[in-house]
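In the two assemblies presented below, chain A is common to both, partnered first by chain B and then by chain C.
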Partner chain A sequence: MDLLAFARGPGMQWATAIFVAGVLWRLVGVALLRRKPDLSAPRVAAKWKGLRLIVLRSWPRKEFLGGTAFTEVMGYVFHIGFLVALFFYLPHVLFFADVAQGLLGVTFKGVFGVAWPTLPGGIIYFASAVSVAALIAVLVHRLVNPVKRLISNFDDYFSWFVTIAPIATGMAAYSHIGAPYQTLLALHLLSVELLMVWFPFGKLMHAFTIFAARGSTGMLFERKGATL
Partner chain B sequence: MNPAKTIGERLAEAGVSRRAFLKFCTALASMMALPPAAGPAMAQAIATRERPSVIWLPFQECTGCTESITRSHTPTLESLIFDLVSLDYQETLMAAAGHQAEAVLAAAMKENFGKYLLIVDGSVPLVEDGAYSCTAGRSNLALLKEAAQGAAAIICVGTCSSYGGIPRAAPNPTQAVPVSAVVKDRPIVNVPGCPPIPVVITGVLAHYLTFGNLPELDPLGRPKAFYGETIHDRCYRRPFYDQGRFAKTFDDEGARSGWCLYELGCKGPVTYNACATLKWNAGTSFPIQSGHGCLGCSEPDFWDRGSFYRPLAAADWGSAKTVGAAAAAGVALGAAAAWAARRRQDRFVKEAAAPADRKPEG
Partner chain C sequence: MSATAADEKHPLELEGARVSVKKPEVRYDVQGEMSEAERVARAMQNFVKDFGRTAAIYMESCIHCGMCAEACHFHHVSGDPRHTPIWKLEPFKQAYKREYGPFAWIYRTLNLKPKVTVAELAEWQELLYDTCTVCGRCSLICPMGIDIASLVSQARHGMFQAGLVPHELWAVAERGAREGSPLGATPKVFADRVAWLADDHEIDIPLDKPKADVVVTMSSIEIMKYPDSIVATARILNRLGVDWTFRTDGYEATNFGLLSGNTAWQKKMTMKLIDAAIAAGAKTVVLPECGHAYTALRWMGANMLGRPLPFEVQHIAEFLADNIRSGKLRLKKVAKSVTFHDPCQIVRRGGAVEAPRIVLEALGVELREMEPAKGLNWCCGGGGGVVTIHRADRLRYKVYQLKMEQIEKTGAELAVTTCANCRQTFDDGQAHFKSEREMGSLLELVAENLSDGE
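== the complex of A and B ==
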């Protein structure tokens, strides 16, 4: 079995299984934790108003704009570039379609009546390049900024690595740089599998918890009468 | 059979002009991606060489590779056989049969020992001492070992002799192996394809005639001149791949407009061959041009790499069953972790409350 066959077969199967089991372990583990009883009376009557924090925390506060603007902008640039490449590049769409068909027996077109749109390779490549540039920028910022450097640990750096690796190897595979296409494709798949395996156990798990965490925090603040 | 005359002398006798021969050599040089100046050099080299003896042994195969070479147009099969090489043994093409044919084979191997080119198409079965494929009562395995001893080089024509091919597909009932698994001490060049492109077969022979050695090979033993790039790299539909235009079915608007067949399972991106440039039937067409995706037939184990109609991107992520089992395990782990956390909370609460409940001593 060559590297590509391993990456497309057993490697992907193990990574998928670890990803699914790991994510559910984390989510169920957090969801079933006992909440601390709040014995005080709620300060406001509107129970769900606190969910506004999901949106509010997605935007820098005026007071801290000077200090956080770079990180916020780079964060958005990276995420948008990454999501464009992930969800609008045809081979990726075909992979997700295959998973949806295998798990649920449905196709996007069957449910919504139109096929999932894809973008030309050039746009995907540009989005990936922008994403990589943003990732490099935030890493440099993390290393240069003394406070950020102090609070950074292995999780931060390794999560950065497993995030940039699939984008970089994907770009190399698309443009056939550095090695035969099969090798580059295998490395791309293996880097994706590394990302999937690490995902539930590090800070990347924020993708599943960030909005729930902001929402629950907002509701808690609201109940206590804090200004959001 | 008179290999003493040079190829140039034979061509002159046959009435082939020097101009025609130069054109032929220039075409060969171009085909092998050699510089234009190589044409005259090739003409000089080929003309002054004696015709090499070629022995072609068919093993576990379908004769598709022989069918392919009979469609060769540069050089034609006739010119290949009569002008460039001395094809002393080829079961499908030779007139002799039975004991006569075997006598020809024995004589060719004896007279040209150490100098003949051995061409093999078909894989070699190993189970039961190779009894599943025999010629004249001898197994392919025994015949290959004997013929390889006197061969200057071995050319494996087709995916079966190069990598085992379809006979080697799971569960491989005959334990079929490629030639390289049996012969270790002779130079081997693989010309895979199911079948290989005819001009690639003759191109490799022409290279041997010109330079007296085998062409530069890739890690899978294939001539780089023909297998240096993927089908995808040279595909005329590649611009549509880059533009994100894909045929969704074999008869939709995209398919009729010549859009990329990636979504329909084309293996062009991972298949190294010259189909997209040399094409077939005198450069008329190749599978993708005919509207079907590449099967990847020049790659090892192409038959066992999943459906021909499943996109390359659809990796084997498992099944609903395996993902369901992983999900169940994850939920169980999460519940167990939460249960352990609650027990720990209870213990802390109990320990924190304990001093207050205790009655003062004395």
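== the complex of A and C ==
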């Protein structure tokens, strides 16, 4: 079995299994803990059930913007670039369509009446390049900013690596730079699998926990009338 | 500890700008006799003891973005990265991952997170107690929505049981649990003060009425340092014609069990208030001008009791605002400009944002808000027990300067607040910097300006 066949076959299967099992284990492990009921009389009924904070905390208050703008802007830039490449590049969309067809027996068009949109390769390449640039910027910031440098650990650097690797290898595969296409594609797939394997164990899990954390605080604070 | 031993080892200092134990010549920042292993084990067990889903989800969510440093007044004035709020929890985060999280078995088996040591915990004592007022400003900036302040409180539970509480904070907390008040305001002292004040001011101050609609509480700082608050409270409640009383079995709202991290002592102090109010058949318990007292009873009291409280709990500013809104309390106009310092536990974390402003509006003052104000205010630097700790003074005074700059920028003639601990932090700061400006009490300002005389 060559590298590409491994990456497409057992590599992807194992990575998917570890990703799904790991994410479920971590989420269920926390979800099964008890949440003591808050017996205090609420100031106001928490009608938004935490949703307000989930939305509000997506951007810092103006009082905090000065010192956090770089981290916020770069964070948004690399996330958006990453997600654009992930969800709007034709080969990725075809892959997801295959998965949906295989698992659920449905197509996006069949459900929603329109095909999942895709973007031209050049735009995807540009978005990826911007994402890589932003990721390099946040790494440099992590290394030079005294606060970030102090609080960083292996998880921060390794999560950074497994995030930038699929984008960089994807760009290399798209532009056929550095090695035969088959090799580059295999490396791209393997880097995605590395990300999937690491995902449940490190801070990438914030993709899921962010909603629970913000929502929990939102509910607790809202009933007190505390500042969100 | 016996009363005599406590007085010898941790004598109180009640005459200065700050009321606490005297600056210790020899510090006792480690309490109890136990092995290092036991200390660490107790710290971690008690950190996770009340660990629910919410705290766990917080622990799983930090992305180490470091933004919380931007919100912290201690980091703001020191620039020291160790003062980053989430870093103050580092040993506990490490222990959570190793001992408690869903992948703890992997961390332990592969030793990916080393065991926390006593030396680390001792080093973190300063970060968890001296440089955190639990003001919760950091909780407003975290992009993950982590309530970092609540985790600091939880970490203090662990630190207390490990015997790693700063000398002064431990001493006042212990005195509070033993005598019923951290600053010597025992039931007898309180009763004597009430009798003296009633006599001196020729005012009726009901004490120990068996039944009353409203039970009023005080903080030890008010009893010992600002007794005029007791008179002001009596003037207002008498004017309103309320059926009220102080009770010697439940008057002390200060709760150093909460601040030091001893949940048993916290419960003991809280239950005194609850039991007294229930015995009096009270419909309302009025809390004094004290920030953490509001947290302890308003938001944590029912959880201590294990069922909803059978009475309403109001901070005095809320009580005043309600009576102003209903037209029962009418005030004379104060033709002055005023700036209001928002106590963190009452406003930012307690949600009583508008009540003090309703009172100030009724007083007809020109309110000059600080920038930022309300929930975003800068803390005075003395909350969370920090003002009691002498070794914390150097940095606390820098934090205080940050607050004073805010106040001076408003150009207001008067500065008032509605927390006695903030007031004494200001008094102490002003004494340190030899400055003239006073921080007044909203309650006392109201009592001085009742519309029709007494």
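Just so it is clear, the second predicted complex is superposed on the first by the 223 of 228 C-alpha atoms of A that agree within 3 Å, B and C clash if a C-alpha of one lies under 4 Å from a C-alpha of the other, contacts with A are read in each partner's own complex, and residues count from 1 in each chain.
In this section, a residue touches a chain if its C-beta (ideal position, glycine included) is under 8 Å from a C-beta of that chain, and two chains touch if they have at least 3 such contacts.
Everything numeric here is computed off the predicted structure, so don't read it as measured data.
Peer 1: For A:T183 in the superposed arrangement: first (chain B), second (chain C), both or neither?
Peer 2: In the superposed model, A:T183 contacts neither chain B nor chain C.
Peer 1: If we overlay the two complexes on their shared chain A, which of chain B and chain C does A:R149 touch? Say first, second, both or neither.
Peer 2: second
Peer 1: Residues of chain A touched: more by chain B or chain C?
Peer 2: Of chain B and chain C, C contacts more residues of chain A.
Peer 1: Per the contact definition in the header, classify A:R26: touching chain B only (first), chain C only (second), both, or neither.
Peer 2: both
Peer 1: Let me test your reading of the model: by the given contact rule, A:F95 touches which partner, first (chain B), second (chain C), both or neither?
Peer 2: After superposition on chain A, A:F95 lies in contact with chain B alone.
Peer 1: Using the superposition on chain A described above, determine whether A:G67 touches chain B (first), chain C (second), both, or neither.
Peer 2: So A:G67 only meets chain C here.
Peer 1: Looking at A:Q13 after the superposition, I want to know if it touches chain B, chain C, both of them or none. Which is it: first, second, both, neither?
Peer 2: After superposition on chain A, A:Q13 lies in contact with chain B alone.
Peer 1: Which chain A residues contact chain B in one complex and chain C in the other?
Peer 2: In the superposed arrangement, which is not itself an observed complex, chain A uses residues 25-26, 28-31, 33-34 for both chain B and chain C.
Peer 1: Which part of chain B faces chain A closely enough to touch in the complex?
Peer 2: 230, 232-233, 241-244, 246, 248, 262-263, 269-270, 300-301, 305, 310-320, 322-323, 325-327, 329-331, 333-335, 337-339, 341-342, 345
Peer 1: Would you mind writing out the residues of chain A in touch with chain C in their complex?
Peer 2: 25-26, 28-31, 33-36, 38-41, 43, 53-54, 57-58, 60-61, 63-64, 66-68, 71-72, 75, 145-153, 155-156, 201, 203, 205-206, 209-210, 212-218, 220-221, 224-228
Peer 1: Within the complex, which stretch of chain C touches chain A?
Peer 2: Touching chain A: residues 50-54, 56-58, 60-67, 69-71, 75, 79, 81-82, 84, 86-87, 90, 101-103, 106, 136, 139-147, 298-303, 305-309, 312-313, 347-353, 372, 374-376 of chain C.
Peer 1: Enumerate the contact residues on chain A facing chain B in the complex.
Peer 2: Answer in residue numbers: 2, 4-5, 7-9, 12-13, 16-18, 20-34, 90-92, 94-95, 97-99, 102-103, 115, 118-122, 176, 181-182, 185, 189.
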